[in-house]
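Each of the next two complexes has chain A plus one more chain, namely chain B in the first and chain C in the second.
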Partner chain A sequence: MITLQDVQFSYKKNKPLFDHLNLTLQPGFIYGLLGKNGAGKTSLLKHIAGLLYPDAGVCNIFGYEAQARNPEMLQDIFLVPEEFALPGVLPASYVKLHAPFYSKFNYEQLNRYLAEFDIPTDTKLANMSYGQKKKFLISFALATNARLLILDEPTNGLDIPSKSQFRKIMASALDEEKVVIISTHQVRDLENLIDNVVVLEKGHIIFNRNIAEISERMAFEHNLRGVDETEILYAEDMQGRRAGIVKNQSGLETRVDLELLFNGIVKDAAVINNHLTY
Partner chain B sequence: MNPQFNSTRLGYFIKRHLYLNVSSLWIAIAAVVGTLLVISALFAYFNPGTLPGLRNLYLVVFFVGGYFFTSKIFDEMHTPQKSYSFLTLPVSATEKLIGGWIITGPVYVLVFALFMVLLLFISSLIADRPEALPFLFDSNFFTSIKVFLVTQTIFFLGACSFRGNNFLKTLLMLFVLVLLIGMYGSGLAFLLFGEGNISVNAYPADLKNTMEFIIKQVIPFIFWYLLGPFLLLVSYFKLKERQV
Partner chain C sequence: MEFRESQAIYLQIAERFFENILQKKWTSGDKIPSIRDMAVEFEVNPNTTMRTFNYLQDKGVIYNKRGIGYFLADDGLEKTIALKKEQFLQEELPLFLRTMQLLGLSLDDLKAYVQKHPLAGS
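Take a look at the complex of A and B:
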């Protein structure tokens, strides 16, 4: 389990980024971390990976304090950052040099992912395109079988077929021991993939709910004409129409529109949270 | 398994570090050895009596090159797009410290010494003085190696601390430190002895003995046995507390 308790952090004095932030992530789920630009998504991921230390509070990763960067904890974490550089070596050399650090590394899995992503094996990593590098790093990350996988904007730079391959691979790689955190602005890429939606805003986690729960209690309408105003939880203009989130009275699961959900949460998280709670 | 130190993991770390930097290392070795070979051949041919001078030239290159190499050992940690990989690699700060020191200390000394033997051997053959070769590795040579192993820890700390231009920043730090110590020493001497000539013989014998004890016993002890381990300890904390 991953627990962040009363985490406080600021880059500048008197301008806190996290103010008593609390978050608990359970194994067996894919979490989608959403937030506006500058909300601190990447900083939060860095705290979880032990790359940034909180000014106060605790980041506990599978029983280890993240900032201690214990090698046994690091074996169980893999971070795929948004921007990264890979060395000028062949994929096989990279694997030979890095795989021994991960006790659960699976070479067969790696080869399967590389084949699925169509990664060339005879090109040096530094000479690959950004998308190819990203797909290689995602494949390597999955093959480490780390219990915590942190992906920061993983679909940036991926072409359309690769995005669907990514969703397929991620869904198949999850098991009951693993936690996957995906931070992205491209919420449409996460649809049908994530199990939980986490929204970070003004230094706090303002929303942390399961997709099944959301789809059971709320419906996402792209045309609100004729809908009773008391049923509407959030509304916005969408290409001349009124779209929004309404109460789901049927009890049947509906398709979650992450973009509408995110906008609704950012506008008034209390309304959405209250509806889901009561 | 000890979570903080594991020799297998240390081996993997050293292997990874050397392999990822192998092309830069070969280029640096080829450039330095090539230049020294040309200089050595010219000197040995035109002035065969200069073999000891060549040895000293190699030692100067050995020191400067070693400090520069040490300063760059943690470059990966200071490169924004690579630091995540270095810091999240399942290796403890102890192993990173020991691995980095082994590469820049013993491994560097061994590799440079081998090339030095080769260069001096070639030079002695050109000078037609093969009998001079063993005398070039005298006690001064080995003292120089020991001095290097102590002083390179200063640059090792610089490699852990500064986020860019580590070599130049360490040099600047050394310069400022020496300047401050010099100013403090001069001020203290002025307060103790005034404007007159300073001669410990003019003062009571116990002061003279104390000064002699400090200069002959304490300072060498600090230099040879405390300075290196202390700077490596500080480097350890720098590595452990490093954030992106």
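Take a look at the complex of A and C:
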């Protein structure tokens, strides 16, 4: 389990980025971390990985304090950043150098992922395209079998077939021990992979719920005409029509539209949270 | 796979199972692909396909042999037909009737039409 308790952090004096931030993540789930630009998603991920230290509060990762950077913890964490540099060596040399740090590293798995992603073995990493580098790093990350996998904008730079391969590989890699955190703006790419939606806004976690729970209580409508106003939790204009989130009275579970959900939460998280809690 | 309908994803995947059963791709006693295989095929979270399997098990369409996997029930086809019939009568028929009403079509009009244009394969 991962718990962030009362985390406070600021890059500049008197401008707190996190203000008593609390977050709990359970194994066996893929968490989608959403937030506007500048909300602090990447900084939050760095706190969890022990790469940034809180000014106050605690980040506890599987029983270790993240900032202690205990090797036992580090071999169970892998972070794929949005921006990264890879050295001018062949994939095999990189693997030889880095894999020994991860006690559960599986070479067979790595080769399978690299083949699925069509990564050349005879090209130096630094000379690969951004998308190829990213796919290499994702493959390596999954092959470490780290219990905590953090992916910052993983589908950025991936071509259309690679996005589908990425979803397949993620579906095959999740197990009940793993915590996966994916930060993204590309909600359409990952809509069906995420089973918990976490929203970071103004220094707090303003939302953290399971998709199944959301789809039981709320319905996402692309045309609100004829819907009673008291049923509407959030509405916006979408291509000339009124779309929105309504109370789900039918008992039938509907598909969660992550874009609408995110917009609704950012507009008024209390309305959405209260409806899910009552 | 691209999901478009407004139904929850796990129910849309259940619809694919029903198609396979109605088209007899799967028959009684057949072992069906695992929760994880299905998650990979549909590119969804395995927790989602697990809900599909639980739903179909509740409906008696599939059953679980511990440690071996999931199988299509002996009366899986009959159960599927009953479920789909109920779904047709409760969800699709009202929409159909509403459209008929809007267009001013009567059941006799439809009967006459079907007699003139026999449906392919029926």
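Quick notes on this one:
The rule we apply is simple: the second predicted complex is superposed on the first by the 278 of 278 C-alpha atoms of A that agree within 3 Å, B and C clash if a C-alpha of one lies under 4 Å from a C-alpha of the other, contacts with A are read in each partner's own complex, and residues count from 1 in each chain.
Going forward, a contact is a pair of C-beta atoms (placed from the backbone, for glycine too) under 8 Å apart; a residue touches a chain by one contact, two chains touch by 3 or more.
Because the structure is predicted, anything quoted here is derived from the model rather than measured.
With the C-alpha superposition on chain A as described, chain C and chain B fit side by side in the combined arrangement. Using C-alpha centres, the superposed arrangement gives chain A a vertex angle toward chain B and chain C of 150 degrees, stated as a multiple of 10. After overlaying the two complexes on the shared chain, residue contacts for A:I77 are found with chain B alone; chain C is out of touch.
By the touch criterion defined above, A:T121 reaches neither chain B nor chain C. Of the two partner chains placed by the overlay, only chain C lies in contact with A:S172; chain B stays clear of it. Of the two partner chains, chain C is the only one that A:S164 touches; chain B does not reach it. In the superposition on chain A, no contact is made by A:S129 with either chain B or chain C.
Within the superposed three-chain model, A:F29 lies in touch with chain C and out of touch with chain B [touch as defined at top].
Of the two partner chains placed around the shared chain by superposition, chain C is the only one that A:S215 touches, whereas chain B remains out of contact. In the superposition on chain A, A:E253 contacts chain C only, with no contact to chain B. Once you line the two complexes up on chain A, you'll see the smallest CA to CA distance from chain B to chain C is 27 Å. Common to the chain B and chain C interfaces on chain A is no residue.
Contact residues on chain C toward chain A in their complex (touch as defined above): 3, 5-12, 36, 39-48, 51. On chain B, the positions that touch chain A within their shared complex are 3-4, 6, 9, 12, 15-16, 19-20, 23, 79-85, 87-93, 95, 240-241, 243-244.
Interface residues of chain A facing chain B in the complex, by the touch rule stated above, are 46, 49-53, 69-72, 74-75, 77-79, 81, 83-85, 87-89, 93, 97-98, 100-102.
Taken together, the chain A residues at the contact with chain C in this complex read 28-30, 164, 167-168, 171-172, 174, 192-195, 212, 215, 219-221, 252-256.
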